[in-house]
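Shared chain: subunit A. Partners: subunit B in the first complex, subunit C in the second.
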Partner chain A sequence: MFHWLEKNPFLFSVGVFIVIAFAGLVEILPNFAEASRPIKGLKPYTVLQLAGKEVYKKDNCIACHSQLIRPFKSETDRYGKYSLSGEYAYDRPFLWGSKRTGPDLHRVGNYRTPDWHANHMWDPKSVVPDSIMPAYKHQFKNVADMKTAYAEAVTVKKVFNTPYGDEIQPGKAAFEKYYKTIALPEALKIAKAMKNKDVLAMVQQGKIPEIVALVAYLERLK
Partner chain B sequence: MQSSAALEYDYSVAKLYMWTAVIFGIVGMTIGVLIASQLAFPELNYLFGEYGTFSRLRPLHTNVVIYGFTVSGIFATFYYSAQRVLKVSMGESKLLNGLGYLQFILYLIAATGMVISELMGITASKEYAQMEWPLDVLIVVIWVLWGVIMFGLIGMRREKALYISMWYYIACFLGVAMLYLFNNMEVPTIFFSGGVGAWYHSVSMYAGTNDALVQWWWGHNAVAFVFTVPIIAIIYYFLPKESGQAVYSYKLSLLSFWGLMFVYLWAGGHHLLWSTVPDWMQTMGSVFSVVLILPSWGSAINMLLTMKGEWNQLTENPLIKFMVLASTFYMLSTLEGPIQAVKSVNAIAHFTDWIPGHVHDGVLGWVAFMIFAALMHMATRAFKREIYSKSLLEAQFWIQTTGVVLYFTSMWIAGITQGMMWRAVDEYGNLMYSFIDTVSVLHPYYTIRAIGGLLYLIGMFMFAYNFLMTATAGRKLEQEPQFRSPMA
Partner chain C sequence: MNSFIVKGLVLAGVLIVATLVVIKQMHIDLSDPINLITFLGAIAIAVLTFGVGAKYMAQMKTDTAGGELAEENWDGIGEYKNELPAGWAWSFFGTMVWAVWYFLWGYPLNAYSQIGEYNKEVKAYNAKFEKKFEAAAKDPATLRDMGESIFLVQCAPCHGETGDGLSGKAQDFEQRMSKKQVLAVLKSGQHQLMYPLGAMPAGLASGQQAEEVAAYIAGGMKGKAPAAWATCAGCHGQDGTGNGGTAPNLKTYDETLVTHVLKHGKTGIIGHMPAFPGRFTPIQEKALAAYLQTLKQ
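Here is the complex of A and B:
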């Protein structure tokens, strides 16, 4: 029946490729532009929040936590309003996750405080006695990679027209300026709200630990 | 073509991949047992400081078993069987053989880079595509080299018609190439930041919902083109070879192949049910997932019927046991998947342990069993030795089968329990359980799963020992066995 095709590897491969490429074109392309639009009033992440998102990726929170509230009453009761496509417009990559060993975090900023997060990341059992989540004490010591987060902001501004202001510019000098005038004050605010002396002291010395960036990111999830 | 009896096949590259399959199998499954145990006993998170938490190790587990163990198994079987079905030896072309070695070396470098970067938490964070752009580039090179070798061998072939296994290897090559390229489209930040930040960091070309769509188009079809397509290539070669039976139906294999190619790609949307992707895509994902039963079962039934009239081999030959049970697990898994893809079922199943349960009855029962059987079959020909111990193989089979059954049954119960508890309401319509209640209740199931995984790992060690002894100390064979692999 198709025996002639099996003797012609080139045509065979072309055939396979067409058959498998088909679905992607039909399913992904038509909605692409629409799904790229942000909801009204959505601001891009600050560099500190981006650094927090990097901590979220580095310690791989998505292994256990989703950021996607499905449109069921049981979910909106538990986590808040169901998620909208436009809310994710600046999420590169998306961090929906695929497993809830722990609860959803898409609106965690609405119902947890910085000091709750600080206690929780230091020792989850101190706030949730039966928790099986590991402690992430190293986040209190490791310094957040603000440079890479800044590089990301510069890149998405240039390549994808993410609406950042003039404060985001390429180059080391622009980064230093941003770090001192914008990032550090923002971090200081978070550190104060965390009520952890060591963390506060670190930020006051001009160093931002990973936990401050992470909390800034989690606070943003609303 | 008739001169093929005189053809001396060159297994040097195949052998290298056989060893890496065994080594990565041990590493990946050991990490798997560790992280499974961490869920039951959280104290185990603190063995290696920052590098030993469940979250950091989970992608390492998946990547080592997928890209280490499984892909090594796929390359090993390809370098072994492609020569034989095309009736051409790797040794006939110094260039292709050299490229084969080069591909293996680059593969080792990429695998090492993958392990180190994931331990350090350097990740693009997309599931099963965590590697950052420098490694992505390296992987593209490895893949292109594989394509060159594959089509080089095809160009030199003496057997004009491509055997079924070759269809699947070609599809694996093309499918992964397309999916991998599109899903890993990312912009390295160092090129734009004016020298600020880490050189290996990148941002995804897609954002939010689009990123999710592309990622699960990849995530789902990586399962198609790594865990299904090449494994079918393996069973189409090794089951007929080991049993001495002809493939039951050519037409069924045709139907299954083209059906699988067409249908599989549509089904990726079932990972995004009830999410923010448009409803029509979700429904397409559901519908095509159900249709997918047809080509999947087509292949599996074709394989089972290949054993028609020769079922006695099932009791006599452990390799046949592995392969027949693998086909059966393939059927189970490809029935379970579509069930989970039905929207109302998915509302309960998604985000729960039923999903890893489903994955593992597929990969432990189908993928790994096929790779074990193929590795042993190849060992007798490549090392020209008898399999070291039949009884060890038998014991491995039963221990691992028990492990798989414990694994998926416990995860079925865990997943459905959790899914039901999340949505349970009291008489006033209030949620009945706090989230932590739905975690604590899983402890016994997590424990059972860890035990199941441990049994499977023990079987892996038995296999590794058996394989090592076969390669080094098995009784020498004078003549290449035609069908059944000889074993002591």
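Here is the complex of A and C:
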């Protein structure tokens, strides 16, 4: 009855593939399509926040911190509302992480302040006595790579239609205008809240240290 | 009887005896239905495995191939046109029927919701929590312990494990308000916490009067109140405890104060505290207040 199938190995293979992939096709693909859409009210990262995201990646925060609150009571009690896929729509790549040596950071912007982050990154034990997190003092001196972050914003605007406004345009002049009129005031606001004189002085001189970019990124995680 | 079957049954017997020895040694109670069923299951597995195994091994020894060959053959390898075993065929057909039922009615697409399961878990947990702490909430020691455990997870990163505010990085809970804080509030006014009595206007007291009031409040309101205290008492009450929750309590961290700060957040001369709306249940906020009050000494 089914001998014709055995005589058409290619057709048979396609059939087997469809049967095996069926669950994935009907369950996973529609979910992907919906999840890739940003949730209502989600704004793309500012260039300063993107630069902070790069610092987050560079200093490998993802090795110890996750950014994914699972829908379990024990997690939502500690970290806040469970994460939704649409919240990561502008994360390229997303930084879910897979290990929690430290706590989850997906909503850290809701319950920490810039000055807390400043104290914590300078010397974690000064605020959390039992912390095993290392200090990240170099972030207070190193200047954040705003040019690359700006280029990333320009790229995702063009390639993925990320809804940036007219302020993001290709070209050196556009970058310099953005840096002066948008990025620096944003950084200054963060630096003032951080209460660190050296950092504030640096920003006032027109240089943005990595810590300011990183805190801007962490404050955005809500 | 075939020697294979005999050997198989002997092996099954040995296993059953071994099982009985274990039952005897470990004092397993066979009057417990679960234990009894497990034991009977073990016997069935032993008998069926060795019995059926032995039967087919014996058959392999003596059986010869027979039947009608199918027309096709593949490089000389042919195939018999045997009937499907009826039991197998019916089970296969049954699973097909079951699959249709399963896809369409039993467990249709997207019938499972992770969030639904989460909501159920939270509901069950809250019901359990309320029942468990209904009585305990009236016991100050339990409330304090509960407050401490919440404080250590949620508050200690900023306020310090002892609640001392980490030398000026956050509010110091050993005191309700410092002199500096009182002076700052007198100067700028205050309406962040949305108490029913409304905004406190700026400049209610200044100069020497403000100094006196600030020292009185920072000192825990001991001794004789300065003359200017009458202005404060108008809203905060003669004893400074906030007029039954209509204005902030200046003496201690009471439940109303904790609830209001958690709901609205607070920005003062130290810095900014984010709001934590909906993070805690009312009883958890009550527990937090109870714990904060014990930090005062």
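Keep this in mind: the second predicted complex is superposed on the first by the 190 of 222 C-alpha atoms of A that agree within 3 Å, B and C clash if a C-alpha of one lies under 4 Å from a C-alpha of the other, contacts with A are read in each partner's own complex, and residues count from 1 in each chain.
Note that a contact is a pair of C-beta atoms (placed from the backbone, for glycine too) under 8 Å apart; a residue touches a chain by one contact, two chains touch by 3 or more.
Note that the coordinates shown come from a computational prediction; the quantities given were computed from them, not determined experimentally.
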According to the stated criteria, A:Phe72 is in contact with first (subunit B), second (subunit C), both, or neither; which is it? both
Name the contact category of A:His3: first (subunit B only), second (subunit C only), both, or neither. both
On the A-aligned overlay, A:Tyr45 touches which partner chain: subunit B = first, subunit C = second, or both, or neither? neither
Contacts of A:Val128 with subunit B and subunit C, given as first, second, both or neither: both
Using the touch definition from the top, say if A:His138 reaches subunit B (first), subunit C (second), both or neither. first
Does the superposition put A:Tyr179 against subunit B (first), subunit C (second), both, or neither? neither
Should A:Thr155 be classified as contacting the first partner (subunit B), the second (subunit C), both, or neither? first
Which partner does A:Glu27 contact after superposing on A: first (subunit B), second (subunit C), both, neither? both
I'd like to know which partner A:Cys61 touches here: subunit B for first, subunit C for second, both or neither. first
For subunit A, which residues belong to both interfaces, subunit B and subunit C? 3, 27, 71-72, 78, 128
Which stretch or stretches of subunit B touch subunit A in the complex? 38-39, 42, 45-46, 49-50, 53-56, 58-59, 121-127, 151, 154, 160-162, 167, 170-171, 174-175, 178, 182, 187, 189-198, 201, 203-204, 206-215, 217, 251, 254, 258, 261-262, 264-266, 268-269, 271, 274-278, 281, 284, 288, 347, 350-353, 355-356, 422-425, 430-431, 435-436, 439-440
In the complex with subunit C, residue positions of subunit A that touch it: 3, 26-27, 71-73, 76, 78, 80, 82, 110-113, 115-116, 119, 126-129, 193, 195
Applying the document's contact rule, which stretches of subunit A touch subunit B when the two form their complex? 1-3, 6-7, 9, 12-13, 16-17, 19-24, 27-28, 31-32, 35-36, 57-64, 66, 68, 70-72, 74-75, 77-78, 83-103, 128, 130-136, 138, 142, 145, 147-152, 154-156, 158-160, 169-172, 174-175
For the complex, which residues does subunit C have touching subunit A? 72, 109-110, 114-115, 117-118, 121-122, 125, 153-154, 156-158, 160-161, 166, 169, 271-274, 276, 279
